[in-house]
């Protein structure tokens, strides 16, 4: 068994993967869910704590209005119904939980029944998206550094009480790749509506996967395992693939998986069973008597809808409609995520080549502040490049300078002495290089496509050397093919 | 005594509540809790069709606060109350189980 | 001297706040050894606070209505930097880094905090015998209990150790000890007084309220602590009505209902005969002498011009059962946080879970453990619907029936406690028998309505009897007014032991 990415798409014949995801997202409010302590990552331990988030006797929670607003915003962005909701206590003991119960929403969550459409059109149902508080952070300290052989543990409550939304999907995901796409799309939505920074590596977005398999054609839901400790999209995909194979093997061998929580071990590339608990889980949920219900009005929901930005899916569709459909799904997702889609569309509108504009922005505009790059400037740059006046390499350098200074690209190119060689000069240089390498030229003219491709690289390299990089590779290639009468 | 709660049940509840009792204590507790539940037979027998539960005497909704940072406590003051402290954090014996 | 008398004397310069504080501290040091009302006497702080009041007066600055009045706090109210124990080993030595809202409010109007009073551990009990630091005794007869759980506060006022005291009332924990100690005790409407800083027992039932030697004293204390608090989500966001100016209004024309079911009727007998679940006519165990005083009180109100009738609230008999499911359920969750990690007691072990168990097993007393067990059971899967879920519906039924009764009458009258103060140890072996003490006070906690206990004569044993006036939500002004009328006509004087 192995869960390598290469194998993710394939499951043994006759089996279908059934995955539902539970994604915890930290909301980027200024304060915690129930108190005025700063909601901030990376501070000194136990410096953002107060009687409420430490669960001191006598303290009482008061809900952060912004957290509720963020949660409802997310709900509406996922097409959920926003409902009257109550906070409930989930009772269990754990040192990182100051009250030894977690305030969450149980049978009456804020958001229910939404969906998320993946870029390929596949729709994943959203069962619920509810508000709850985060726990503190435990560090296991000991010789081995592993939980099992720790000498003691340290608890920092800075994170305790940070607002979370848990988004629970329906088991509508059928491949590991879909699972990753779902998370990526969810992240794009979170960023677009500005409610979370959604960083998996920092833990502000945490993904658990419920995995089961079933025979193709069946609608049953078989025993599932919940996989935790998925700290990257790569882990998510690998873990699902591994777990699915494990289930298929078990069922095929006449066994059945146990319903349990399993952990993804990134180094070993496998899931391992969690420790079984002494008692069956019994969280004794009940309505939190310290808090009162949330009853969002129709007006409140309408105001949230009105304020929602255009969501990533619609923005990608906008790119497509603007003729940027030639670029990959990944590029268009990236442009939307980086909020650069409007720039690209505007540049295309004033005449820039769609595909090249998208590629140039995706690859060479991965900077925090690109405010000095205007659509007109970008279109002018792309124009210089498509007309062969500057090379791709030069275009990247000009763009970098545009980010800094915001000048006109033609002016920058001129100042730096960039210009692709004029056509006649270039043709002369190409002829010199052909004359200097008769054997290679012979093989170029008579060889097959593969050989020719290899040799064109050789010739372009020679021309570049002769022109000190001023030549445009595409133009050289065109000249070579013309000389060889290959048209 | 009605024996509504067995010793085993009492032991299970004690585990959930993180309390420890001797067998004799468990038997006594089971009997006492059974007596209270016997008394609650009137509530248990209630015809509740059409009656909504009341979790709370106040008909309040939407009590929230503005998202404004307030001063936190001084860490020294917080940790001064802790039974065991290390590196600015609360120190506890090794945690064997996992959080749910 | 009454609290208002002290306040007047201090404000007029007739007494200094310091001399008042010294008097009370001296009475405590002389008398509390035999009573055990206090867990902690704050002599130094009280004198310093009194000096501050005197200094302000000396500068001609305005002082609050309770300036210089010595007040005792139940030891489940958080006081910054001052031990707050809940009379539990679990919190022995804990110094909260913040104060309860009510404590800040009292100090803002010039009150002088003299100490923290004893209680049944975490406010669970009706006799103050469940304290880890020993029982409090009734100042009227030290072989008797003061009631509970705010027994220390009730005894402190009854013994003259404090002019006023605060207690908390979850099922009668202010009113029942007030009745047994012959003082006035009042539970406000749920949400009228902030719970911020009150160590929670059962959050949907807990409410802080005043003790005073007189109705006027209790009213002044109530006015000082009532009002909206943004730190408590369940706090009522509208200004409280004043109550002190209504005390002399009389009861002419008021409609008073005597609740038949809360005046006894022998449910216990029917129950013990195996007719579980059948509607019982009334609560069990109300003693004849107590009932006589309630009838006397009804007569006195009638004499004063009120219209008195007997009314029926059938679901009131469900109160005790519903309460002993709901309160422990909430308590089991509220008390989970005592796990040995962040504050208070820790009894160590090889791993964190065992440390939790060791700590909780050593730190909690028997009654607290019993209620945690009961509440954990009531909430656990498989039993929730049968017990907790039904108790919440019984609560709805009670709210509906009380609302209907308040269409016909303005206030309700009934006993506060079924008996006068009982002997120490008399009920400690039978939890259910102890729980029956709360049978008349519990309904107001379940409905969230205000209620007040006012001394009204004595029982056959010569010990004080309290009668209870209940009203609908936010009717504080009305129930204080009726209580004041009762006080004016009360036979004898059970207030000074």
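So that you can tell them apart, the chains are marked A, B and C in the order they are listed, and the count of residues begins at 1 in each.
What we mean here is this: a contact is a pair of C-beta atoms (placed from the backbone, for glycine too) under 8 Å apart; a residue touches a chain by one contact, two chains touch by 3 or more.
In this text, all values refer to a predicted model and were calculated from it rather than measured experimentally.
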item	value
More contacts between chains, A-C or B-C	B-C
Central chain (distance from its CA mean to the mean of all protein CA atoms)	B
Cα-centroid distance, subunit A relative to subunit B, in whole angstrom	40
Centre-to-centre distance between subunit C and subunit B (centres being mean Cα positions), rounded to whole Å	23
Length of the line joining the C-alpha centres of subunit A and subunit C, rounded to whole Å	57
Touching two or more other chains - residue numbers and ranges from subunit B	16, 18, 55-56, 58, 60, 63, 65, 73, 78, 90, 92-97
Residue list for subunit A, restricted to those that touch at least two other chains	51, 54, 62-63, 93, 95, 153, 155, 282, 284, 286, 289, 291-292
Numbers and ranges of subunit C residues touching at least 2 other chains	94, 97, 204, 230, 233-234, 332, 336, 339, 341-343, 352-353, 356, 376, 380
Sites on subunit C touched by subunit A in the complex	76-78, 84, 86, 91, 94, 96-98, 100, 195-200, 202-204, 230-234, 329-330, 332-333, 336-337, 339, 341-343, 352-353, 356, 376, 379-381, 384, 388
Parts of subunit A lying in touch with subunit C, wherever the complex brings them together	51, 54-63, 89, 91, 93, 95, 98-101, 153, 155, 282, 284-286, 288-292
Subunit C residues within the subunit B interface of the complex	94-95, 97, 190-191, 204, 230, 233-234, 236-237, 271, 276-277, 280, 317-318, 320-322, 324-325, 332, 336, 339-346, 348-358, 360-361, 364, 369-370, 372-374, 376-377, 380, 386-387, 389-397, 399, 431-432, 435, 446-449, 473
Subunit B - residues contacting subunit C, complex	5, 9-10, 13-14, 16-21, 29, 32-33, 35-46, 48, 51-58, 60, 63, 65, 73-74, 77-78, 80-84, 90, 92-97
Subunit B to subunit A touching residues, read off their complex	12, 15-16, 18, 55-56, 58, 60-73, 75, 78-79, 86-100
